[in-house]
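First chain A sits with chain B, and in the next complex the same chain sits with chain C.
Our next item is the complex of A and B:
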């Protein structure tokens, strides 16, 4: 599938093959085949507990998978853990800072010694832009303050891959926007690949160019952002009494709202083909509405009937 | 030049950026040899993927509206004159958006167009009605 064309770098920055991981009986990852194109901003969407953080930890080799493999820039994460980690800027979901007694300035100084590419001037710029207070102790920081320090730590050496696990969690709206603006500038400077998980797809909508949806540990959708928005649309239908959606649309469990004789439902598929199937089922299509990135992704996460 | 993005506008972001540059050229807020913000600046300011900005600039460059001076940045072409083509493209964008909105509401093109005329006529009537008293007041003031 991968055609390298003789180039030294693969077209994917991150790949996993049949990655599985369980905690007790609970599967956290179930046969995940992730493909993050080199240079992409890949947004990973999923409910809490869908496996996003576990996936990040496996890529960092902080967790061992039960089955399957993961590669970052062609290196097996299990065998080359330290090498892989050296090329990743990681913002973890949990904030268990190991250097609680250090000041932020000391922590950044400490981190800089690990990375030959650490750019002090850039780190200072990020510290100012994110209003990190250098003399505060790491252990006394709030959730949002910790996040800001983590962002400086992840960006300051311009690693080729950023793994950002809910990077704006705990940030107030103003800082959130500034952090994402800094990320956009960072991308203009570095062409880094970004794998980012979020609950707030909307805030990443203008940055995303690839989307993956995790549901109960399974990667149920993975495609370029344009393709996702092209293939998921909302259809307004006028239907005869007792109408049922064509069976091929039902497994995706798509949302449906009814008002009078009009049914509105979100369907996955090429628009013309979907229209033909709907017509064959007796429905008259009154309108087709494109969806936001968030709503397109949500189409793959059916509401829990519970 | 101030570029803003309308989150309710469903067209791809790069088209929105292109339209705003075109509009600034038509309005004259952006003139020959003016510098444009760098890809980095605009990406950071709008919080969009830098590739989106590059795509917009690339398209504008192909149209000859802007050019890149190596190492110095992106500038408005010197030959830029109030261009009928640019104006057409801008009108087209507005029309496309209106059509999308009309279709969404189950309305036809003719209904939409005739209502645009109707509303425009009403607004013109309102305006001439409201400016007359204002004019009279002025005359009184002078007298």
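Our next item is the complex of A and C:
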């Protein structure tokens, strides 16, 4: 796995050690060693079924791992489930709301009982900002409306850790922008740590400072966002006939687009080192193009989802 | 980090569960009130005529039915298995499940008080007693076979201890605990109930011809005996639910063609106490095992 090293363990809000989980024969998590620095906005990227939601459930102690451990703020999630959950604002992947017979206002009141730090004024602010209709029955809410209620439920007690599983999924563009604004506001006020999974990396580009990539249950990369963008670049190459990329580039998810003898490659590694290896393989580097955060992260995922 | 986030007080969790459980019980409660209203309307002409309602023949198994169905109303909408909202809350899951069970029990007892009060009021209006003051005891301590000779029946005054009033509550509690264990501990409780009933019926159907054909007497009578032990024995289900008033009495036809509720034994409250302890103990153990399926600790 490609990762940042060096930082001491106490700096992390979330850590997992060799976390593995299978559903039948299908591995959902495979030896995941996650490190989410305290106060970071850590964006977790991965294709559908890569294991993102399973990882979140393990951190909430909603799923038991088959192997490995997970810690949130130094507390083992299996041994201290309630203590861990008391400090987590969780938006689940699924958008089915609980207590369907309740009104939204009653559901929020219900949730407030369980969080002594619940900030009623802040909850009201969130309700207004996300246009939640307090008198609507939860069972009658649309997918997007349910998601808004889930966001209020997750943020209203200002938890030190937010686990957001596709938080903007189902939201219309206006509410999506508002929700991201509220998240930014929340981070400014609380210095909370955020672990967020998303398929829309661009919308979190201004907030993200760490990125992890899950691929088939394995964490294939995690690093600070600057380091990611520094180490993943697009190289324009002029190559001889029958040229093949050096084998060390293959496992990291090399992407290439070919036009005649000119090849456009997305490669991972220190730029100078990459250029030396390319030169040694017979390619001539015509240009190096920096990538967006999304493109950098996608470099670790297979181009063919099958 | 970041100061450790506080957890809710158990008292607050319990009170909230009591409030939330009521929301889940509103519709079943309305149905119950509706049924009582219909029963009252049906009874009105008899009351106006001054006739007896035969209140002491009331279906004594109703509290047991209430206790058995209550867990479905309490847990029916919750995602018991999987990452349901209940389990995402910062309360120890086992403790949380217990508070929910307790909240349901509180409402069950409240519902039972309302039901018995209605029954008591109806009895007072018709000038009867919920618990009969006199019972028609057969001389022979066995169920009657065919017509009953009035000479074999004697009216005996019966003045049971006030503890008789606790019988419906004990029966409902025992059934509630067992029902809760089934609902919390299994993903498909209805399938389990149907499966067990069908298996029992199948065994009953097969064992008698098999036992008769191969001359295995115990096999032929085993299902009947098992049912008798389970339901009608000294500490069986009927002892829990009715202090055995259902299995110790029946409505018999006398040789004079008159119908009469006759008894061949007097309900024994000490037996009821033991049965209640046994069944609620069994229910508590089953509940503990069921709730443990949702515990926090890992298997590894």
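List of remarks:
We adopt the following convention: the second predicted complex is superposed on the first by the 293 of 306 C-alpha atoms of A that agree within 3 Å, B and C clash if a C-alpha of one lies under 4 Å from a C-alpha of the other, contacts with A are read in each partner's own complex, and residues count from 1 in each chain.
In the analysis below, a contact is a pair of C-beta atoms (placed from the backbone, for glycine too) under 8 Å apart; a residue touches a chain by one contact, two chains touch by 3 or more.
Please read these numbers as outputs of a predicted model, since none were measured by experiment.
With chain A as the common reference, chain B sits beside chain C without any clash.
Judged by the touch definition given at the top, the superposed model places A:286 against chain B, while chain C stays out of reach.
Looking at the shared chain after the overlay, A:177 reaches chain B, while chain C stays out of its contact range. Seen from the CA centre of chain A, the centres of chain B and chain C span an angle of about 140°, rounded to a multiple of 10. Once chain A of one complex is fitted onto chain A of the other, the partner contacts of A:209 are limited to chain B, with no touch recorded for chain C. More residues of chain A lie in touch with C than with the remaining chain of the pair chain B and chain C. Applying the stated contact rule after C-alpha superposition, one finds that A:64 touches chain C and leaves chain B untouched.
Judged by the touch definition given at the top, the superposed model places A:110 against chain C, while chain B stays out of reach.
Superposition on chain A places chain B within reach of chain C only down to 17 Å, the least C-alpha distance between them. Listed in rising order, the residues of chain C touching chain A in the complex are 1-8, 12-13, 15-16, 20, 23-24, 77-79, 82-93, 296-300.
Put simply, chain B touches chain A in their complex at residues 5, 10, 12-13, 38-41, 43-53, 103-106. Note for the complex: chain A touches chain C at residues 13, 38, 57, 60-67, 73-74, 78-79, 81-83, 85-87, 90, 92, 94, 97-102, 106, 110-111, 113-117, 157, 159-160. Remark: chain A residues 41, 177, 180-182, 184-185, 187-189, 206-209, 226, 286-287, 289-290 touch chain B in the complex.
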